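So, here come the structures, one by one.
Next come two complexes, and both contain subunit A; in the first it sits with subunit B, in the second with subunit C.
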Partner chain A sequence: MVADTAASRIAVVPRRPSAAVQVMAWLARRTEAVAIPLGAVLVGLALFSLFLLALGKSPAALVDLVWRGGFSSAFALQNSLQRAAPLLFAALCVALPARLGLVVIGGEGAIMLGGLAAAVVAPPLSAAPAPLVVGAMALAALLAGAVWIGAVGALKAYRGVDATIASLLMSYIAIAIANHLIEGPLRDPTSLNKPSTLPVGDANMLGPMPGLGVHWGLGAGVLACCLAWLLMERTTLGFSARIAGGNVRAAQIQGLPVRRLIVGFTALGGACAALAGFFEVAAVQGNANATLAAGYGFTGILVAFLARHNPLAIPPVALALGGLEASSGLIQRRMQLPDATILVLEGLLFLCLLVGETAYGRFKIFSPHLWASKKEAAA
Partner chain B sequence: MTKTDLTRRHLLGGAAALGLAGLPGRVRAAGPLTVGFVYVGPKDDYGYNQAHAVAAKALKGLAGVEVVEEERVPETNAVEKTMESMINLDGAGLLFPTSFGYFNPFVIAAAKKYPKVQFRHCGGLWTEKDPKNAGSYFGYIAQGQYLNGIVAGHTTKSKKIGFVAAKPIPQVLNNVNAFLLGAQSVDPAITCQVIFTGEWSLAVKEAEATNALIDGGADVITCHVDSPKVTVETAARRGAFVCGYHVDQSPLAPQKYLTGAEWDWLPIYKGFVADVQAGRSPPNFLRGGLADGFVKMSAYGPAVSDGARRNADAVKAEMMKGGYEIIKGPLKDNAGKEVIAAGKGLPEKALELESTNYLVAGVRGAV
Partner chain C sequence: MSQDLGLWTVPLAVIGGAIRVSTPFLFVSLGETITERAGRINLGLEGTLVFGAMAAYATAVVTGSPWAGVAAAGAAGAGFGLLHGLICSLPRVNDVAVGIALMLFGIGLAFFLGKPFIQPSAPPLPAIPFGFWSDLPQVQAALRVNVLFLVGAALSVALWWAFRHTKAGLVVRVVGDSAEAARAMGYSVTRVRVLATMAGGVLAGIGGAYLSLYYPGSWNEGISSGQGLMAVALVIFARWNPLACFGAALLFGGAGALGPALQSVGVSSGYYLFYAAPYVLTLGLLVATSSPDRALAGAPGELGLSR
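Moving on to the complex of A and B:
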């Protein structure tokens, strides 16, 4: 398949061997970027099949249920898309700082704080028109997330604190603070056995996207992924960030504002995660409560790594994982497997991907130089 | 079987008394009724979810009933999809989403979308303005914690007992208060230290809290978290006695387990299933305690003295008559403020108990 595509691409640019070489080299790199994660996923699936066989269950039946539960019908797709929506934002919180070489895994805390901030600004504005309230809620969420994950970036940039550890620990702090406020000073006194903030009001709730039946978080998330891609790949700012991520020393020598880049991109990632919280409040829950910390921030890490931190790859990957989670219930019900089954699968996939990261550049077949030299030789 | 029939009568009687039953139901087509259970945690948690799963398992044995279950469903829009999936793919006609946080907005939304499916939610939040094909049920389990307290009061040597609590919400506070008041009915000098972990399920904190309570001198421990397993095992390992909660945890600590406050959801579920099978709409609001068979006690463990047994059995017999007042004036909270005046009392059905926001005098801890 790959060879066919390669041939057709070459045919487009005749009589320019150097261009053909370039295309081949480009293709080799792209193929590597797709083949290695795909290979890792296949290895993960193979290991998971062994796990299922050991339990006396059929991997084929599971695949069939994943298809039926996640993708085969309008209802299944809607289910998957709904689960994918918050993952888009959560994955951006990992993918954006990742291009600067930072592994930020504390998106969960930003989601929680974003949701809380959104819920808190709505009741005082209850007299204002709905679009204004919703705008203020989104803005409050963006700010909360930007400050929180931006602080992780600042700790890294100015104090050298490891961003992975800092973001994880700050996520626990964020959840604890949010829960304290929700159960204490900000609690709606009528929310007796499920402590919540005051409701944001039905008028300020976002409806479903027309024709899809999934809330607007999905559309906004896809848009955010596209914008993030443009920022990363098509602006000098994104280019600077990638330079800094590739080699901090080189970036500094070039006079790039590495520290500000780190703070800026972590803040941007935090703002994205916080939007997931905003949509949970404005489109799903109607108030902020402990269930804002539903694990989206952690699944988002997996999505970002599967997408290799490429914002454009995030939506399809999020849909795939959303589909897995959507089918999890059916797998429990039809195969009598525990809920942890899908978690085992996700864990195996993640492990294989991490191992796969070390495989880049190790397969000669993907080496641009190999293709270049072959082409030159042929010419 | 007679026991079941009796319970059914109680259920219907209770519902009729509330004036909420008797809504015209829809006659279901012949064929098995598929009943869907949704749990927030694992169904083998030795706790809240297991109490429901045990009943679900028993339902599987009934003729004309098929049971589908899903565990660890978060209180997000995921539960809406789980319910829809059970309806669309499994043909469920009766759903039991069992966690508090499922109700608003998710169960309400699903009930509006599927008016022909019956939804009964555990937690007791249904009101008249909610859809008629939805409803809720819950039990007065504080009665069980009061009996736990009596046994604890007879067993404690240090006069200090301990409570590992999830969140300071009314239903948890009622249990803490009942546990101490039961113990104080034996010896008014007994105090109870409570530690809130802040989460329904957080094993590490539950273990820390249990250890801290025992370090503080408590020698009988109970809890109100989703899964008492960690608390029971930790307490027993430290040599403290334990009173159980949700289900029978005696297998986890055979020597140290005194007794426990357990749910018995099976009669309720059987009643709901029979209603739907007969084409009736099951009651929308259902509550009950020991007398109604919603709550039961674990068998006494080997460490329970004869005196403790006699005392607890006598109070239990009183409770079986209905209307037993655990919260009885004069009663002060632990900040010294009077919460119930002398001569007044709150029977288990009192609405005031739904909004308890205090810990009674003698409880060390703050809401």
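Moving on to the complex of A and C:
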């Protein structure tokens, strides 16, 4: 802010900056958006290394295991991508409402309900052709998630209920309802040790993506991220949402339908999270059971914040965290560390990232005005 | 020799359960009241609660004294509060997001450090048998009141009084209602808020000590299921009034005790649904007491939540 006012005072006669200056200024802004989160991640890793050293464990060994467990071989990469797929959807459930200034953290419940809805519609349709059944399953999941998280948005828009707390409560309620149904009315009587719903049927299962060996959730997730980016950055709707997220009163004065925007964006986020559940059922598990609530909803929060709610940044971040979680088992076995090691690291990264928010605009080297004035001085 | 009380067992178990289950809600909500009265919201108290539970249990196992455990939990809570307070004092940092991060960090760290303490058993906190006058074991069980519950009850009265009648209480309220006014009076807004967040962390940590050292009375990774977050919602419902927090905590405790109470008389279907009762109650109360158009009555003016 200080740089802004200083620069505007110097530039008395406004001149149209040359193309080169514009490119430099654009580059400076973009570099800042990448450099600060990366710097925060490095600081987080450094702190975690100190933590490991204090426990007498080697940070280098951990890095090596994460590389081997998550990225080094085709098999490891497949495993990481498989874990990244639900994270893409879970992160969108955070990033889309975030455009409106809402912090929604209830994706876990929407994933569970989406998976359950998908698993429930399949058995009655067993006579129908497979594409129809899969379509119906996806639709059921989308609806369940949209209604559940959309309700959080509606409570915010029409009753003023805080979306963060409401979404987490809704998530607990969703998981309770889903567990009740899975162990009660909807239980497959033959599932003895692990209560599950009736299987969706092998014919209705989604195969792997050709050449990758990873289920279609990954492709759909990347596509969803691209579509979300288009919606946010290239449509009037996304622009309206950004205005409403920045200043509700200004948006209302402009006549923007703030309430409908809130309900729409939260419903869309919920639908995305529910798709993660759909793919877990239709491509991995084959039925709905308690393991649908595997924590993807919570890791998704971290993914969205690391990506700074930019949908195009979500896939690489999701891959990184998917790889980190894929290597968890290896870290436990080889280093005799508890399974919560990854949780500690993730929490630390999250904290460092938020502290990093304060660094934006602090470094002169990233200021577009610096580059503009340098060029002008040279000219 | 237990007499058959029939359906009376359920309300009796709910009352006893309300006293037993409400204590963590009470401590966390009192802590959050202090923090929010100073104008900050700390959603990380769920993490502080879990870490406090772990720290108390581990300390009690090692030293053999449950009260040392309570002290350790309070100290750990102060640390987490200080961290939250300091990070949120940086410009442009969102206190809600920091709370979520600290919640995940606190839970992760508690699971990490608490792994070796899942097996050993710790000495529990003492309880006072107020049900000595009755022959009925159910009544005796319901009226066994833990010392921390009494401490919490006294604390809510003391805080209510302090917010009205002491200088410290007034300073916290001024900082929470108008940072400008506090600055004009010469108080450091940042320092007051950091201290208020620390005080909130101490209480939340002690709430965690109750979980692991009395009820349910063991350390495991499922020890808290959102009590810390529900307590934050409870503060809104209680309108930032410590006395109302006490009543609200009892209500939430009763809702939480409904599931086990019904199970004890043989109602076993819908197990998960009864356990969801506190969440439904919290959400219902939030919906009923929120308003889309105006700030909530009694809300601190600087609180992001009510803006």
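Note that in this section the second predicted complex is superposed on the first by the 362 of 379 C-alpha atoms of A that agree within 3 Å, B and C clash if a C-alpha of one lies under 4 Å from a C-alpha of the other, contacts with A are read in each partner's own complex, and residues count from 1 in each chain.
In this section, a contact is a pair of C-beta atoms (placed from the backbone, for glycine too) under 8 Å apart; a residue touches a chain by one contact, two chains touch by 3 or more.
As the structure is a prediction and not an experimental result, all values here were calculated from the model.
Chemist: In the overlaid three-chain picture, which partner chain does A:L169 touch, first (subunit B) or second (subunit C), both, or neither?
Modeler: Only subunit C is touched by A:L169; subunit B is not.
Chemist: Which of the two partners, first being subunit B and second being subunit C, lies in contact with A:G329: first, second, both, or neither?
Modeler: First partner only.
Chemist: Pick one for A:P338: touches subunit B only (first), subunit C only (second), both, or neither.
Modeler: In the superposition, A:P338 touches subunit B and subunit C alike.
Chemist: So in the superposed three-chain picture, is A:N179 touching just subunit B, just subunit C, both, or none of them (first/second/both/neither)?
Modeler: Both partners.
Chemist: Return first, second, both or neither, reflecting whether A:E346 touches subunit B, subunit C, both chains, or no partner chain.
Modeler: After superposing on A, A:E346 lies in contact with subunit C but is clear of subunit B.
Chemist: Could you say whether A:K194 touches subunit B, subunit C, both of them, or neither, answering first, second, both or neither?
Modeler: In the superposition, A:K194 touches subunit B alone.
Chemist: Tell me which partner touches more residues of subunit A in the superposed arrangement, subunit B or subunit C.
Modeler: Greater contact footprint in residues on subunit A: C.
Chemist: Regarding the shared-chain residue A:F75, is it in contact with subunit B (first), subunit C (second), both, or neither?
Modeler: first
Chemist: Which partner does A:I301 contact after superposing on A: first (subunit B), second (subunit C), both, neither?
Modeler: second
Chemist: Thinking of the overlay built on chain A, is A:R159 touched by subunit B (first), by subunit C (second), by both, or by neither?
Modeler: Touch partner of A:R159: subunit C, not subunit B.
Chemist: Quick check on my understanding: which residues of subunit A belong to both its subunit B contact set and its subunit C contact set?
Modeler: Dual-contact residues (subunit A): 176, 179, 183, 338-340.
Chemist: Please give the residue numbers of subunit B that touch subunit A in the complex, ascending.
Modeler: Within the complex, subunit B contacts subunit A at residues 42, 68-78, 81-82, 84-86, 88-90, 100-101, 104-105, 123, 125, 167-171, 198-199, 354-355.
Chemist: Quick one: in the complex, what on subunit A touches subunit B?
Modeler: 68-69, 75, 79, 82-83, 176, 179, 183, 192-195, 280, 284-286, 289-291, 294-295, 325-326, 329-330, 332-333, 338-340
Chemist: Contact residues on subunit C for subunit A in the complex?
Modeler: Listed in rising order, the residues of subunit C that touch subunit A are 43, 83, 87, 90-94, 96-98, 100-102, 104-109, 111-112, 115, 225-226, 229-230, 232-233, 236, 269-273, 275-276, 279-280, 282-283, 286-287, 290-293, 305.
Chemist: Sort out for me which residues of subunit A touch subunit C in the complex.
Modeler: 103, 105, 155, 157-162, 164-166, 168-170, 172-173, 176-177, 179-180, 183-184, 298, 301-302, 305, 337-348, 350-351, 353-355, 357-358, 360
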